[in-house]
Amino acid sequence: MVDIKVGIVGLGRLGKTHANNVASNIPGMTLTAACSVVESELDYAREQLGVTETYISYEEMVNSPNLDAVVIVSPSGFHTEQINLAMEKGLHVFCEKPIGLEIKEIKKTVEIIESRPELVFQLGFMRRYDESYQYAKEMVERGDLGELTVIRCYGIDPCSGLESFVKFAGASNSGGLFADMSIHDIDIVRWFSGKEVNRVWALGKNAAYPELDEVGELETGAAMMQLEDKTMALLVAGRNAIHGYHVETELIGTKGMLRIGAQPDKNLVTVFNENGVVRPTSQHFPERFRDAFLNEMKEFASCIREKRQPGVSARDGLEGTRVAYALQQSIDTKELIDVTRD
Amino acid sequence: MVDIKVGIVGLGRLGKTHANNVASNIPGMTLTAACSVVESELDYAREQLGVTETYISYEEMVNSPNLDAVVIVSPSGFHTEQINLAMEKGLHVFCEKPIGLEIKEIKKTVEIIESRPELVFQLGFMRRYDESYQYAKEMVERGDLGELTVIRCYGIDPCSGLESFVKFAGASNSGGLFADMSIHDIDIVRWFSGKEVNRVWALGKNAAYPELDEVGELETGAAMMQLEDKTMALLVAGRNAIHGYHVETELIGTKGMLRIGAQPDKNLVTVFNENGVVRPTSQHFPERFRDAFLNEMKEFASCIREKRQPGVSARDGLEGTRVAYALQQSIDTKELIDVTRD
Amino acid sequence: MVDIKVGIVGLGRLGKTHANNVASNIPGMTLTAACSVVESELDYAREQLGVTETYISYEEMVNSPNLDAVVIVSPSGFHTEQINLAMEKGLHVFCEKPIGLEIKEIKKTVEIIESRPELVFQLGFMRRYDESYQYAKEMVERGDLGELTVIRCYGIDPCSGLESFVKFAGASNSGGLFADMSIHDIDIVRWFSGKEVNRVWALGKNAAYPELDEVGELETGAAMMQLEDKTMALLVAGRNAIHGYHVETELIGTKGMLRIGAQPDKNLVTVFNENGVVRPTSQHFPERFRDAFLNEMKEFASCIREKRQPGVSARDGLEGTRVAYALQQSIDTKELIDVTRD
Amino acid sequence: MVDIKVGIVGLGRLGKTHANNVASNIPGMTLTAACSVVESELDYAREQLGVTETYISYEEMVNSPNLDAVVIVSPSGFHTEQINLAMEKGLHVFCEKPIGLEIKEIKKTVEIIESRPELVFQLGFMRRYDESYQYAKEMVERGDLGELTVIRCYGIDPCSGLESFVKFAGASNSGGLFADMSIHDIDIVRWFSGKEVNRVWALGKNAAYPELDEVGELETGAAMMQLEDKTMALLVAGRNAIHGYHVETELIGTKGMLRIGAQPDKNLVTVFNENGVVRPTSQHFPERFRDAFLNEMKEFASCIREKRQPGVSARDGLEGTRVAYALQQSIDTKELIDVTRD
C-alpha cells in the first residue's frame, strides 16, 4: 500500500494540527509538501514534520508531480480558488470550512467539484467525526428519539480570546458572529435533521465590550430558525465563555432527548474543594475535537483509497454558508429572513 | 398570635396542594372555609382538612365574617372577578397564575389591587420561592454572573398527560401552549433580568400528535424574545417530556453562566444498572416545587402579619400575560410581534 | 384531635432544630416544656417558641402533669438515665443517638424500653427518614440491586469545625472518631443489609493536625467490616472535608449499584465559571437533613397516635454502639476485632 | 530517523491492541515480527498488520537480527523467562503486567533488568498514561490536595464476562481476584502516594455465583491496606458490574479530594428518556484506556530514542505483585497480613 502524498496550504494553529496529523498520525498518508507565505511556518514543516517540498506559491505546489491530495487551511477568502485549481490538477481536496465567502463563487466551485466525482472532496466539518456526535447520530437514525422537534446548539468560545478580538475588530472583518462561530452548528442542525433551514431571526448583545457595537461585531448572539418540516432550531454563539470552550448540542424528539457536551468536561476527574464539586473544562477546539480532527483525516484517506465520497459534501458547505448569511442579514435588518435558494 | 383564617376556592390538584399546606403546614394559618361546585371536594375539605365552613357560592364565602384572606385556585376565567370581590370585602388575596384571561380586565383588576395597598395581594409564581431559583437570584444580584446576555427557559410537561390533553384539545381551549406553559418562564425572565420583553417570535411543531394542528394546539413550541436592553431570551415549551417534568432555566452573563435544573434530579440517588448511569427524575410540579409552594404561602402569611407586599405583584401578572399573548399572536400570524404597552 | 404535648431536654444546635420542628412544623404536636441548665436557652424557648414550662431539672420536667412525650437532646452521657426516668413516668420518648455510652447501661435501658411496649420509643437515626435513603431502601427491598455484596459509607464533616475540635480535643473526649461520626453509617449498613457486623479493622491518620495523635483523637479514619453473611462494608469517617458536608452511601449488589449523595449537591444549580463546572455543596447536617429531621418527628407523632413502634428501635441503638466501640478497640489495639454479642 | 523494529509475543485481545498500535499508530515504530503458538494469530499478523517475520518459538524470534525491541503479551507464567532472554539478546522490553508469578523469579528478573540500564524496560501499567490519571497526578504533585489520607480504588469488570469465568473457574487458576483485578489499583495507590503498603486485610463474597466458593475464586472482594505513612487504601475488585467497566480512583487529602472516573462515562452524551437522565458507560478496558495504551507505547518509543527509563520500573512490578499476594494470603487465612520485604 503506497502512501497518499499530501500537500498542505496554511500552517496557522489549525493548519499545524492537520499537518501534524497527516505527517505522523494518519497511517497511509505522508506530508510531502507545505505552502505558506510565512517563512517560519515552512521552517517548521521542514524541521519538525520532515516535509521535503516547501512553497510560497500555492500554484507551484499543486504543479508538483509528487502530490495526490491537498489540505487547504488558508484564509477563507482563498478557498474557492485553491479548490478550483487543485481539482483542475486532478488532486483530491480536503478543505477547511467555509468553502468560500461569496455564495456565487461557492456555487461555481461546487459545480466544479461535482463535475469531478473521481476526485474526493471533503469539507472540514469535523464535529461529524467526533465520537459523541456519532453516537448521537446513530441514536437518531435508530429512532431512539422519535421525530425531532427542537435542536439547540451552543458554540461559545472561551473568553481568553475576546480581548484580542476586540482590539482587532475594527481592522479585519470576522464575517460576523454567526458566519464565524455558528457555521458548525448550522451544519449539525442540517446533519441531524436532514432538513434545510427556511426562516431565521437573529439577535445580538454586546455587554462586556459595548464598543463592539461601533464596529458592527457581536460578542454574544442568539438565533431561532425554522426548518422546512417545522423543526425548530435555537442557536447561541459567543466569544465570552468564562469556563472554557462550550460546544453543546441538544436534540429533543417525540421519544426522548439528548445532549452532547451538556458541560464541557475536560476529562474524567471530579474535584471536591473549597469551590464545591468541580469538573475541569475543555479550553479550546484543538483539545475538545482532537480525535475528531484525526478521524476526519482518516476518513479522507479512506475515501481516496476506496474511491468514494465522504458524508460531508461541497453542497453542505454551500447550504451552511447560505444560512449563516441569512442570520447576519437578520442582525443587519432586525427582521425575519426567509432563506432563499435559487 | 392569632391565626390567619383562610378560605380557598378551587380544590383540584393544585387547589388541594394549597389547601393542605394552609391547613397543616403553615404555622399561623388556619383553613377555615372552602368553596367548590364539586361536592366531593367539599367533603374532602371537611373530612380531611377539618374545614368548618363550605360553600358552593364564592360570593357567600367572601361574605363570611370569619375570614382574613382567600386563596384562589379556581379556573383562570374566574380570577379577576374573584379578586375584585375579595378586595371589596377587605380580604387579603393569594391568587394562582394567571391573574386573568383578558388584558383589559386584568388591567382593571390591577388598578383595584393597587388602590388597596393595605391588603396583601400575591400571585402564585412559586418558582421565585424555590431555593435553587433564590440561590441563583442572589448570585445575579451579587454580580457573580456580570451582566446577563442570554436567558434560556424550558418548561416541558411529562408526556404522561399528553394523551388526555389531545383527547380534550378540541373541546376546551388551553389558551395556547405559551399562555399555558410558559407563563412561569416569562415571569422568570422578567425577574432575573429586571427588564421587559419588547419583541418576540414563536414557532411550534406537532410531531407525536399531528392532529393537534387541526384544533390549533401545540405539543412543542420554541420562542425567542428580545428584552428592552437587548438581552436575549429563548423559550422551549412542551407537553411531551419522556423523562419527567423538565423545568430548566439558564442564565448567561459576561462573567459566568448558571443552570437551574440542568437535569430534573428527583433526589440524591444515582443508579448504575444495565441502562448506564441513571439519575431518577421529578415527575410533576407538585414534586419538583413542593417546598416552593410551602415557601410562597409562608411568605403570604408573613406579608399579612408584617403589613407589606410580597416581591411578586399584580403587575407582574399583567406583564406575563401580555408577553404570553404576544407569543400566541406570533404563532397565529407567523410574524415578529412587538409587545405593546399602553 | 388533641395535640401531643412535648417536653424537650437540651437546646444546643440540634436541640433547637428539634424544638423548632415540634413547636412550629409538626402538625399535632405542641412544645409545652423545655429543660436546660443554660438560662439563655430557656429564654429562647419561652420567647421564640412560646414554651410555657421551663425547667432546670429534668426530673421536675418529667413530673409535670402536662406532658405526653419527651425529646432528649442532652449530652450523650445523660441519655440512659433520662430515658429510664421518662419511661417510669409513662412518657413516650424520642432520643437522639447514641442511646448511651456504656454497653451495660444501654442494655439495661433497652430492657426497660422493651418492658413498656405501650410507650413509643424512637432513636434519632434521621437518615432512615431522608427521602433519598428511603428511595434507595425501596430499591433494595424490591430486589432492584439483587443481593448486596459491598456497602460503602462516608461521613465527613466540613473542615470548618476542625480547628475548634483540635483546640478542645485534649479537654473533652469525643468518644473517638467512629463513635462520634460513624454511628449513623453503622446504622445504615445494618438497615440496608439487615445483617449484623461480625468483624472489623479500623485505621486512622492525622495529617492536617498531627498533634491529634497525642490526645488519641483522629482527623480521618477508615474501616472495613465483615457482616454475618460475608457482605463487606467500608467506612470513611473524617472531620476535614474542604468542600462541605460529605455524607455518601453506596450499595453494590449482584444486579446493580447505587450511590446516595455521590456528591453533596446543595440544590439544583450548576455554575459555569473560571473554576470550571461547579455544583455548590451542602455545608452541614441541618441543611442536608432538614427534611429528614422533620420526617422523623412526624413519624414519632404518628407512632404515638397510631399506637405502634417506629422502624428504628432501641436495639438498633445498642448494636450501633457495639460496632462503634469495636472500631475504636481496633484503633487502640491495631488488630482485627470480633464483635461479641452476649 | 530510523524506525524502531519491534517483535511481539502473544496476540490475544490485549496483544492485538498493542500489535495494532505498534503497526499503525506509533510514529517511529514498525511491527517487524510476531510470535504465537496459534496459527490464526500469525496469519492475522501477516495479513492485517504486514508483519514480515512470524515465529512459533519465542527464542527464535529474539534471535532475529532485525529487532530492536520486544513487546511481551504472552500468558503471565512466561513473562520472567521471556524478559530474561530478551535482555540477554540486548533487546528493549515492553512487558504486560504482571512481571511474573513467583516473587523469587520476579526478583531475579528485576536484578537482570537493573543490570542492563542501557536497555529500556517498561511494564504495562497503562493507567499511569491515561490523561485523567495524569491530570490527577499533577494536582497531587502541585499539592492541590494537601497530604493524602485515603485512597480508594475500584476495579470492577463488566458482568458480561462473568458467566464464562465461572464456567472455566475450576479448570484454570486466575491467580485470585486481587492478583487478577487489583494489580493496577495497587500500582495506582503506590504511584499517587509514593509509599509502600505495610499491612492488609481482604474479604470476599460470592453472591451471584455461590459455586465459586468451591473452586476458591471470588466474584467480588474488598480490601483495606495501611501504607507506611499511615495513609489508608480501600480496594473493591469485582467481576460483576452490571453497568459496564467500572474503574474509579479517589484521593482524599487534607486540602481537597478528587475522583477519577466517578462514573464510567462512555462519551459526552446525556440521554433523557423513560429511564431518567442516563449517561452511557464504557464497556471494557480497550475502550476506556484506548489512548492510555497508545500513550504508554509512545513513551516506550521515546525512552528508546532518548536513552532513558520510563516512570514505571521493574521494581514497581515486583512491589505490586507482592501486595497482591498478601491480599490473597489474607483471603486464605482470614487474617491481617504484614507485607514483608527482604
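By letter and in written order, the chains are A, B, C and D; residue numbering begins at 1 in each of them.
Keep in mind that, in the parts below, a contact is a pair of C-beta atoms (placed from the backbone, for glycine too) under 8 Å apart; a residue touches a chain by one contact, two chains touch by 3 or more.
Keep in mind that what you see is a predicted model, and the values were worked out from it rather than measured.
Where touching is counted per the definition, the chains common to chain A and chain B are C, D. For chain C, the chain with the farthest CA centroid is A.
The centroid of the Cα atoms in chain A and the matching centroid in chain D are 39 Å apart. If you average the Cα atoms of chain B and of chain D, the two centres end up 57 Å apart.
For chain D, residues touching at least two other chains, in rising order: 241-243, 255-257, 262-263, 265-266, 270-274, 280. Put simply, chain D touches chain B in their complex at residues 241-244, 246, 263-266, 270-281. If you check the complex, the residues on chain B that touch chain C are 24-25, 27, 131-132, 135-136, 139, 144, 255-262, 265-274, 280. Interface of chain B with chain A (complex): residues 146-150, 152, 201, 203-205, 207-208, 219-224, 226, 229-232, 234, 236, 238, 240-243, 252-257, 262-263, 335-336.
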